[in-house]
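Two complexes come next, and they have one chain in common, subunit A, joined by subunit B in the first and subunit C in the second.
Entry: the complex of A and B
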């Protein structure tokens, strides 16, 4: 599986949504992506990519696109 | 002054004068914002002929009684911008406060909390044991103060486990496995004071008799929610610390004071046993007779101010707690700002606090 596939799957499984909903998706846009859902998503991404995110990045992670940008940072090195 | 600027300052670095300047500037802005956006708030201020232009210090700003959030739906944003509604803890039959959050306020709450807590635990995330049951965070539409507390602290947890099941029984096997897995690492524990005592500490004692012990000497426990029930069981602050140390080796224990009406701005207990106000908020002790500011060491009613609330007019509130300022800028732990002590609830105040409301069932 490519990183993009893993990344998308984490979103789809956590929020129970289809792939076509991902682009442009923002925190709080859908009911499932609330503060509880957010921590589940982070836990899932950390597991899938075997990383530990900083608290600041967890807070900044406010959209599907922003997440890609954050994971590509040198600390994590996950290019999506 | 916007909130980002406050976030960029070390949370305990400002002295009395610097902090007064910052708080006055930000809280006057918030007062104006809420006057403009919240009709009820504006009406209240009009009814006392309040003129924001005459304010010289944040101490001159009016304070709303926390109870008002039970009686009125106070918000400063349109309904469609509300992303989360939080409710206060209350015993059965009590009305609950409703606090309306938009994206900005909700995210600033979390950012603030991270800044404050990191000052005590370090910024790295740790394996985390939540001393509560998982069902507390299940009802996502209406967030209880208890759920919000757990969720707010969860950001510090790298891997998490709930120590109690939904019947509030300690998950002994789960705990063993978790502690084995993260042996030698610093572990964060979080919970509410009474639940920790009743369902964790007492169970540890019982297990000890069966020869089962847990080593939590690498743990940092953060707990809050009120002492009322423990005081009635004659368990003092010092005894709580001492007994937990004997039971499981836990030495780093921090109490905190906070309320759902000002989530984010918590007051953490330092290594010297003092509750500290950060740059993000402050406590002012008021004399019950005329609401004038009490002197250092003089007990009175606690007013709390917070620089966070933009979506509801809760930046200056009068609590129903009694407390006393123990000092300013000179705590041996090195943190600037006021440090204080909570004496308890005012007489005839209703019971609240995540720990205390739960404890009424016992």
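Entry: the complex of A and C
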């Protein structure tokens, strides 16, 4: 699986949504992406990519696109 | 004659600051509350659709302080459920966020202030209100029940005064909202802090949002409250590494925190010169019944503490006798002026007086240790706390049976509910149904299909037979 596929799958599984909903998706756009859903998403991404995210990045992660940008940072080096 | 607070006593001090930079002094709050009250002009029933916004707090203040009875509900409450509540209690007015007006076509806008509007409902039926009835609030659950807790003015004032005393609150406090005000724990923070002239920092942003923390730091918040799940999130956020010099106190209620997390936060607080205060309460006791003094937090981890000032605990054993020996389980009974009047399930109940006479059987099973500190060890009734919300399992079963006409039994542990059904085709729809009714994050719910729901000879569900699937 490519990184993009893994990334998308984490969103789709956590929020129980289809792939076509991902582009442009923001925190609280859907009921499932609340604080509880956010923590589940982060946990899943940390597991899938074997990383440990910083507090600042966890709270900065407010959209599907922003997440890609954050994971590409040198600290994690996950190019999506 | 203000029912709860003398707002002018805090003249010149700031009562509210919101995340958009707006603020309101106690004098303005007082005059705006008077304006709103005068528009209504007399004691009646009002539904308040709550948000952590200035308009919402203003409405609450205007109503409770002037003898108008608010029914506190979340502004995101599911529409059919809200409609059922409205039809059951027939309020004369609604005080709602301005951008929700379309939801109530046909009702006339009577007044507008701070992004909230007053709507006249037009219900012809008016139920008489008991003189001492101060407010109505749900039992921290949200499973579609029409049941409300009836709280008196004495209940609200007494509990707020007790909280001021044991948390040692004064006008330098700046609590930041982390809980909704239609939740008794969230409301108790407003009630107690307005007594001392403190400043509330209002935001609907959550712990997982950058905006929350910028607001926290900019406005130098001194305290916040959280349910067990809040502390789990803070733990995962590696909260201990954040620099929050203004923070003095963290309180916890809304369910039992794990002893491990209790210890982590207690140790963090001790090292940083802050307080971590575990508390115990229920909507039926207005809000608070017990607290663990912060200086004992590390030593007594896992305990919810001692009764609040003015309250008393006792334990009643299986045969109805009072438990006098330490480390013996009994049902926790609380006595105090904050024990509420009773429940309402229909409009006629609003005229009922005090049915509890200051005594509450909590339904929690507890023990005390040799020093008199109490520990919750279980529950008498079938409910779970999910993210701090009480979810009644029997009620969930009843709703599913009613809607789907299938065999069902739900069970689980706090924050994880398991719904057992035998009809595999209904798996997704049952889960969607429960998520829709509770409005809680789907992560908490799992539907498991089994061949048969275990029952005894008389047809009673054997819930113990289900634990093997999730423990």
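Please note the rule applied: the second predicted complex is superposed on the first by the 80 of 80 C-alpha atoms of A that agree within 3 Å, B and C clash if a C-alpha of one lies under 4 Å from a C-alpha of the other, contacts with A are read in each partner's own complex, and residues count from 1 in each chain.
The rule we apply is simple: contacts are C-beta pairs under 8 Å (C-beta built on N, C-alpha and C of every residue); 3 or more make two chains touch, one makes a residue touch a chain.
None of the values given here were measured: they were computed from a predicted structure.
**Student:** Would you sort A:76 into first (subunit B), second (subunit C), both or neither based on which partner it touches?
**Tutor:** neither
**Student:** Touching A:58, do we find subunit B (first), subunit C (second), both, or neither?
**Tutor:** In the superposition, A:58 touches subunit B and subunit C alike.
**Student:** Under the stated touch criterion, which partner chain does A:16 make contact with: subunit B (first), subunit C (second), both, or neither?
**Tutor:** A:16: touches subunit C, not subunit B.
**Student:** A:49 contacts which: subunit B (first), subunit C (second), both, neither?
**Tutor:** It touches nothing on subunit B or subunit C.
**Student:** Between subunit B (first) and subunit C (second), which does A:40 come into contact with in this model arrangement: first, second, both, or neither?
**Tutor:** Second partner only, subunit C.
**Student:** Per the definitions at the top, what is the overlap between the subunit A residues touching subunit B and those touching subunit C?
**Tutor:** On subunit A, the overlap between the subunit B and subunit C contacts is residues 27, 31, 34-36, 39, 43, 54-55, 58-59, 62.
**Student:** Which residues of subunit C touch subunit A once you look at their complex with the stated criterion?
**Tutor:** For this pair, the touching residues of subunit C are 206-210, 212-213, 229, 232-233, 236-239, 241-242, 387, 439-444.
**Student:** How about subunit A: which of its residues touch subunit B in the complex?
**Tutor:** 27-28, 31, 34-36, 39, 43, 46, 52-56, 58-59, 62
**Student:** Considering only the defined contacts, which subunit B positions touch subunit A in the complex?
**Tutor:** Residue positions touching the partner: 83-84, 103, 106-107, 110-111, 114, 118, 123, 125, 137, 140, 151, 154-156, 158, 160.
**Student:** Could you please specify the touching residues of subunit A with respect to subunit C in the complex?
**Tutor:** Per the touch definition, subunit A meets subunit C at residues 14, 16, 27, 31-32, 34-40, 42-43, 54-55, 58-60, 62.
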